[in-house]
Amino acid sequence: MNSSLRTDLAIENAEMFHEQEELQGICIREEDGRRAGIRITRVTVENEVGARKIGKAVGDYITLEIPELDMEDVSYHQSICDEVVEQLTELVPDIRNKKVLVAGIGNRKMAPDALGPLVVEHLLITRHLVQEYGKNTEITRGMGCVSALAPGVMAQTGIETREILLGAIHETHPDVLIVIDALAARNVRRLNKTIQITNTGIAPGAGVGNRRFGIDRDSMGIPVIALGIPTVIDAAAIVDDTVGNLLAVMDSEANSLGQCIGKMIKNLDDSERYQLVRELMAPEMVNMFVTPKNMDEIVLQMSYTLSEALNQLCHSIA
Amino acid sequence: MNSSLRTDLAIENAEMFHEQEELQGICIREEDGRRAGIRITRVTVENEVGARKIGKAVGDYITLEIPELDMEDVSYHQSICDEVVEQLTELVPDIRNKKVLVAGIGNRKMAPDALGPLVVEHLLITRHLVQEYGKNTEITRGMGCVSALAPGVMAQTGIETREILLGAIHETHPDVLIVIDALAARNVRRLNKTIQITNTGIAPGAGVGNRRFGIDRDSMGIPVIALGIPTVIDAAAIVDDTVGNLLAVMDSEANSLGQCIGKMIKNLDDSERYQLVRELMAPEMVNMFVTPKNMDEIVLQMSYTLSEALNQLCHSIA
Amino acid sequence: MNSSLRTDLAIENAEMFHEQEELQGICIREEDGRRAGIRITRVTVENEVGARKIGKAVGDYITLEIPELDMEDVSYHQSICDEVVEQLTELVPDIRNKKVLVAGIGNRKMAPDALGPLVVEHLLITRHLVQEYGKNTEITRGMGCVSALAPGVMAQTGIETREILLGAIHETHPDVLIVIDALAARNVRRLNKTIQITNTGIAPGAGVGNRRFGIDRDSMGIPVIALGIPTVIDAAAIVDDTVGNLLAVMDSEANSLGQCIGKMIKNLDDSERYQLVRELMAPEMVNMFVTPKNMDEIVLQMSYTLSEALNQLCHSIA
Amino acid sequence: MNSSLRTDLAIENAEMFHEQEELQGICIREEDGRRAGIRITRVTVENEVGARKIGKAVGDYITLEIPELDMEDVSYHQSICDEVVEQLTELVPDIRNKKVLVAGIGNRKMAPDALGPLVVEHLLITRHLVQEYGKNTEITRGMGCVSALAPGVMAQTGIETREILLGAIHETHPDVLIVIDALAARNVRRLNKTIQITNTGIAPGAGVGNRRFGIDRDSMGIPVIALGIPTVIDAAAIVDDTVGNLLAVMDSEANSLGQCIGKMIKNLDDSERYQLVRELMAPEMVNMFVTPKNMDEIVLQMSYTLSEALNQLCHSIA
C-alpha cells in the first residue's frame, strides 16, 4: 500500500485493489439504498492482514455517497440526516442515555478545514444543564447529555488535538467520543459529496496535514466514532487521474502508437505512475489542493446538515 | 461588601471604602509612573480580613490606567507593551525558561467578550516546536515554550472552563497559566482604558456572566496570572453613578430642598441606593450592558496590544 | 421638540406628548392585533404642523411591538414575517410586479449596526436573472425583480449612502427602494423587540450616528420604504428614565421630602431634566450605548426574520 | 488565441506565443529589477493586431513577480509597497492631487476572491473629510482624496459591478478609478506571487467567473487602473501543464516509444492538447480551482500589502 496515494476514504483505498486481486481480510458490501439519492458502501477491515493491505485500521467504514450533499436545501437535507442518524445509532446503541463528547477537528479559519469546528458551533449542548438540573426535569426533558470542543490545530495551540481531548475526557468522563473532521479524497466525484462514518476513530497520518497519532479507542479509552466529509483533493491526484485516463485512451487505440504506450503502461504500476506525475509537476504544487471556489459556502451548508443529524441523534427534542 | 456592586477591578472595590474608613488588611499604593500616560495602582489584599472586606482573594492587583488603550496605534502601543511585560516579569520571574499555557477566556463571537480568544489568536505558539526540536536549536532559537487555548464558554461546550484547563494542564504540564479575560467595570472612565494584572487568577463569581468557580493556584495546581481589560459596564452601574451625582448636587444646595434631600441621603448607604436604582429600572435592563458601539474594533485593537506584550514577554525574537 | 431625546421611533416621539396636550396634526391609532404577540400602532403625521411638533416627516409610521422578536425560532418567526409582509403590501401594492432595490444601511462589522447588511446577505436576488431570461421563464418562474446593496458607512467609503444609492438608482431604474436600518430607541422595552415600517424613508439626522441628509422620495425620486429595528439605546436615556422614576416615586410620598422634591419637578420639564442628567453623567458616556452582551447573536437572528419577510413579499417561490 | 486557456495575466498570454513566432504588435520587456526579489516584466499591447493575437486590450501590463509576496512580513513588505507605488505613480502622475475612487471587486466571503474587498477595508478613506474641511487643513493635512467601494458580486446584488461603479462615478466625479481584483493564473509558480498592474482596466470576460463587460476608460469615462494578484488556477491548467511535461519527457527519449509519442505531439497544438485534457478530466472538475489550503490567511496578508501601497501612494501621512 503506497502512502503517497493520499485519501482518507477507506472506499478509495479499497477501490485501488478492487480489480486487481482478491482483497484478503477486507469485506466490501454495497447496502440497499434505503433512501433515494444515497448510495451506501460498507468496507470492513476484518484483521491486521487487511489493515496492512489497505492502510486502514481494523473496523467498519460506512461511506454515504450523496450527489446533493453540497447543494443548498432549506430543510437541511432531512433524508441525509435520517441516514446518518440510523448509521450512528447502529454504531452507538442507546446513545441518548450516554454522555457524548463531540470534537470538531480542524482550523476554523480555513474554509476546507472548518467542517468540524462549524458542526460544533451548531450543536445543542446540554451537559451543563444535565449536570445542574438532572435528566428529564422540566428544563432538560428530551435532552441527551452532549458536550463539545473545537480543539483547534497544533500551530495555533502548541498542543496536540489528542492531548486536549484526553484532558477533557479525563475531567468529564464521557461514554463516547464523536470526532468530526474534514477529509482528503482521491476522486473529484467524491469531493463534498461523501460522508464517511467509522468506528475506528482517526488513524495516525490520516489525511491532509498533521493530525499526529491516533484518536481512537486505544488512545482515548472510550469508543471513538469519526464522521468526515472530503473537502479537498491533493492537486497531484487530479493530474494522476487525468494521465491515467490519457494512457488508457492511448492503449485502446489499435495502432503502433497505442502499442508502444501499452508497453510503457505495463511497466508502471499505480504508485510508480503517481511518482512520475509528482516529478513532472511544479514543486509549488506540493501544498496545493483542488477545491471549489465557493468552498466557504459549501462547508457551512454541510456543517448544518451534520449538526442537525447529531442533534437528532442525541436528543429527542431538537 | 455588597456583591451587587459588580466590578472585576480590585481598585474599584477598594475605592468604595476608601473615603469612609481605614481598610484593614488592604494596602493601596500608587506607583511612580515610569511611563507617560500610564497610571499604576497596586492593591494588595494582605489577609482574609481584607479579602472579606473587599470581596477579592488574597494577592496583588496591579491596575494600569491608560487613556490611550482603546485608540488605534500603528506600533501596537509599544510603551503599554513594555509596562505589561515589566509587571508580568515581576510576577513570573524567568518566564522565558518556563512552560507557559495561555488561556483566552470568553465568547469569541460576542465583541465585548472576545478579548481572550482574540489575544490567543495572535500569539506566537511554540510548544510543539520546542517538543519536536528542543530549545535553542536553529529553528527554536529565541523561543520560549508557549501553548494556548481558547476554551469557549459553557453554553457552547457544556464543559466548565476550569475543567478544560485542568485537563490540558494534566496532559501538558505547564509551569504557569496566564488567563486573559474581558472584565466588567463599575466606572465608565475605566472602560477599555484599564489593564488589571493579578496573581490571584479568576475568582468565583467574578465579573459578568458565568465563569463558575475559581481558576487559581489552588484549583489548577500551578501559579495562575490573570490579565484583564474591562469591556462592559452593568447598565445599572451607570444609572447609580448619575443618581449619586444628582443627590450630591442637591445636598450641596443650601436651601430647604437641599436639606430634606440631605436627610434622605443619610438614610441610604451605597448598596441601598444601588438596590433602589435597580428597582426603579425597567426589568429588561438586567442583562443590558453599556459599551461603545464600535466595541468590535476596539477589542480587536486591544487584543493586538496584549498579545504583542505576551510575545515579547515569552520569547526573545517576536 | 427637543432633538436631544434621541429616538428613531415615531411612536416614542409621540408618547412624549401624549399625556400633556392634544397632538395637532398627529394621529395615533392602535390597530387590532390580527396576530397573537404582535401589538400594532400606527402614527400618522398628517401635515407640517404635526411634523414640526413630533420631529418626524409627514407620512405613516407603523410600529410592531413583538416581545419574541429577539428570541430564537426555528421557523424564522413565521407570524412576524406574515405581519411584515401584510404591512409592506399595503404600502407598496403590486410589489411583485415592481423592480425593487433593497439597501442595507450600516456597518457590517459592528454588531448593533449590522442589521441592514445582514438582511441583504440573506435576500433572494433576482434582477440579473430577470434581465437575462425575462420574467416567468422556466428559470425565473415565481421570481420578482430584486436587487440589493449594502453601501457601507461613510468612514469606510468616503461616499454618502445617499450618493451611492442615487447612483445605483440612476443606473438600474428600480420602482421602489426599501431601506433596512438599525435604529436607536429611547425605551429599553423596545430594544430588539420592535419593527418600525414607514413610507417616509430615513430622515435627516435620524438615529445614532451620521446618516447625513435624507433618503426619501424627494431625494431618491422613487418611493422609499424604511424598515428598522432599534438595536441600541443612548446610555443617557437609560439614566434619564430611572431618574424620572425616582422623582416620580418621591413625589408620591406624602411627606415633607416628597413635597420639596415635588416643587423641584414642577420646575423641570422633560428636556431640562435630560440636560441635567447629561451634565451629571461622566463625559465618557457620550458615545456609549446600552445593548445586550449577545447583540451579535440577536442581530443575526432578527436579520433572518426580516430577509425572510422580504423574500416572501417580493417572490412567490421563496 | 484560444480563450479556453484561462489566464488573466498578460505575461502568460504572451508566453504562449513567445517561442513560436514573432509577436507582432506586442512588446515584451524585462525591466531592471531595482529591488531585490522583484522581477519586472512589461508587456505592451501596441495595437489591435497585438490585442487580437494576445487576447488582451491595447495598453501596458506590468507584472511584478515576487516569490515572497505570499509570506508573512511584519513590515507589510515595504519594498513591494515601494515598487507598487512607483509603478502606479508612473501610470497616474500627480495622483495625490486627484480624486481617487478604489473599487474592490469580488466576493468578500470566498477566500480566493476576497482580495479586492479586503484591500478596501484597510484603506485610509478621506473624501468625506476633504469634502467637509477642504484640503490641507489641520484635520486633512497630508491627505489625498480617496473614496472606496466593494460593490459585491452580481449573485448577491443583482446589479453588475460596472453599473454600481458607473453610478458612483456619476455622483462623486472621481478623476481616476483603481480597481483591485483577484485573478486566475495559468502557471502555479505565479499563484499568490505576482502582481499585475495595468492601465487597461478589466476586460470583458476576464478571469474566473462573471465580471461581465469591461470596466475601462471607455465604459467609465475616466482612466481605470487595475491591480490584481492571481489567487486561483483552473484545475485543468494544472493537469495540462503536467501532461505537457510528460509528453516533452517522452519526446526526448531516444527510443521507439519516444518516437511515436513525438509524432503524436506534432499533431496537437497547445489548445488541442488542452481540449483533450478537459475531455479526459472528470466533469466535476469544471468549477474546481487549485489553491493553497491556507488561502484565507494568504489573501488577508496580501491585502495588507496592497492597501499599504495605496495608502502610501495617495496620502503623504499614512
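Think of it as A, B, C and D in the order they're written, each chain with its own count starting at 1.
In the analysis below, contacts are C-beta pairs under 8 Å (C-beta built on N, C-alpha and C of every residue); 3 or more make two chains touch, one makes a residue touch a chain.
Source: prediction; values computed, not measured.
Taken together, subunit B and subunit C share no touching chain.
Separation between the centroids of subunit A and subunit C, computed from CA atoms only, is 47 Å.
With each centre defined as the average position of its C-alpha atoms, the distance from subunit C to subunit D rounds to 42 Å. Per-chain Cα centroids separate subunit A from subunit D by 36 Å.
Multi-chain contact residues of subunit A (touching two or more other chains) are absent. If you sketch which chains touch which, the chains form one closed loop in which each chain touches exactly two neighbours. Across the whole structure, chains are in contact as follows: A-B, A-D, B-C, C-D. Interface residues of subunit D facing subunit C in the complex, by the touch rule stated above, are 120-121, 125-129, 145-150, 152, 154-160, 163-164, 166-172. For subunit B in complex with subunit C, the residues that touch the partner chain are 109-113, 187-189, 191, 208-209, 232, 235, 238-239, 241-243, 245-246, 249, 256-257, 260-261, 263-264, 276-277, 280-282, 284-285, 287-297.
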